[in-house]
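See the structures that follow.
Two complexes come next, and they have one chain in common, subunit A, joined by subunit B in the first and subunit C in the second.
So, the complex of A and B:
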């Protein structure tokens, strides 16, 4: 589900879903600025230790969804070390596309709580969606996760 | 009649709540202790209350019932999560708030802060429906509030007083 509001809560939404759906793999696509707003979630996730959760952080150094302003020296932040310090053992910083390609199978196929920060360049901002689209988006997403692979 | 904590949990379980997402407060101590030891409930402690709004939303999207049990200071902190996630997407987050710093408060720190005086006005400003439960006899209102929350698909708050949470009122 794409959420452009409630910055910082992607990891928490993902944790809720991972706890509710232990038979499914849950992927979270987070931002560096967003994760810095909810760092405590790393400790919360580590305590629950859901084996089906993969938390990926796009480390692009900007608040892309709100105009592209810089995140506090985010390029210097070692997110993998932060995640590991919070108790998520399988944590990586990935700088090259090829390194990601080499790891992605492991992320998707091997059980175990996983965290990875991916160094990427800023891209173009995604346009906002109309209000009724948000609700439709939510309902479609709910139907999908609650029906598929039950 | 059981303790306030057992009456609350009994109702939540009957309503299909299987996850209790919490950040501790003195008034909710008994409730949280009971939730932790209850085999029918999954207890999810959080580092910050707005995180709990996200976790409850994730549980809801995946078809599970949850209650967020927090102090009112945590509710104040969670305003953006409630507005830009729960209200925006019409996600029924069931929030149970201990109303510290209200007129029944005895702890000097909370009296000084007085956050209990703004709990309701803040919820009203957010357009989050709420009900006050200040006595043991009123605890049954939780059932109605939870149904309202789920059927209307919006966050709803239960503002809990000391007598509705603490079995020996001394905190």
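So, the complex of A and C:
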């Protein structure tokens, strides 16, 4: 699902999908700036505790989807600690490729709510990716949910 | 430091059609 135009809501939408589609594993790809816009979602996700949700946050220090402006103090933010404090016990900060490789199977195969902040470099070429076809995007999303819900 | 494209590639290699992906709008180049 492509959620441009609703920055910060990927985690909330992912939570809804995880609750509605318990037979599916749901991966959320979030951004650090986006999560900081909707930090309360961590508490809501922890309270709902869906065993099929994996929330991955790309911590690159910039608002990449809208042009590359800096996220304030992003490098200092300990997202795993925040997630853990919200009640998501399986929370990680990952900086090294080998550590990520070691966790991928757990993310995809082990049941249980999972959060991980992945410290990544910003893209070399930052290009805002504004989605203008919101209605089309919504209809495609509805069709997709109907398909995966079967 | 990780590379986002590398993370996505590794996940894509292992992901199955049982998995639903929900993303913000920042992955267009990858």
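The definition used in the following text is that the second predicted complex is superposed on the first by the 126 of 150 C-alpha atoms of A that agree within 3 Å, B and C clash if a C-alpha of one lies under 4 Å from a C-alpha of the other, contacts with A are read in each partner's own complex, and residues count from 1 in each chain.
We take it that contacts are C-beta pairs under 8 Å (C-beta built on N, C-alpha and C of every residue); 3 or more make two chains touch, one makes a residue touch a chain.
Please read all numbers here as calculations on a predicted model, not as lab measurements.
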| request: Would you check which partner chain A:65 touches, where first means subunit B only, second means subunit C only, and both and neither mean what they say? | output: second
| query | Touching A:43, do we find subunit B (first), subunit C (second), both, or neither? | reply | first
| task | Quick one: classify A:97 as touching subunit B (first), subunit C (second), both or neither. | result | second
| Between subunit B (first) and subunit C (second), which, if any, makes contact with A:148: first, second, both or neither? | second
| query | Once the shared chain is lined up, is A:105 touching subunit B (first), subunit C (second), both, or neither of them? | reply | second
| Once the shared chain is lined up, is A:85 touching subunit B (first), subunit C (second), both, or neither of them? | neither
| task | Would you mind checking which one, subunit B or subunit C, touches more residues on subunit A? | result | C
| query | Of the two partner chains, subunit B (first) and subunit C (second), which one does A:13 touch, if any: first, second, both, or neither? | reply | both
| request: Check the residue A:27 against both partner chains and state whether it touches subunit B (first), subunit C (second), both, or neither. | output: second
| task | Name the contact category of A:51: first (subunit B only), second (subunit C only), both, or neither. | result | neither
| task | Enumerate the residues of subunit A that count as touching subunit B in its complex and touching subunit C in the other. | result | 1, 3, 5, 8, 10, 13-14, 17, 21, 131
| Contact residues on subunit A for subunit C in the complex? | 1-5, 7-8, 10, 13-14, 17, 21, 23-31, 34, 56, 58, 60, 64-65, 94-97, 100-101, 104-105, 107-108, 118-121, 123, 125, 127, 129-131, 148
| In the complex with subunit A, residue positions of subunit B that touch it | 19, 42, 44-48, 50-64, 66, 80-81, 84-85, 88-91
| request: Spell out the part of subunit C that touches subunit A in their complex, as residue ranges. | output: 1-4, 6-8, 10-11, 14-16, 18-29
| What part of subunit A is in contact with subunit B in the complex they form? | 1, 3, 5-6, 8-21, 38, 40-41, 43-44, 47-48, 131, 134-135, 138, 141-142, 145-146
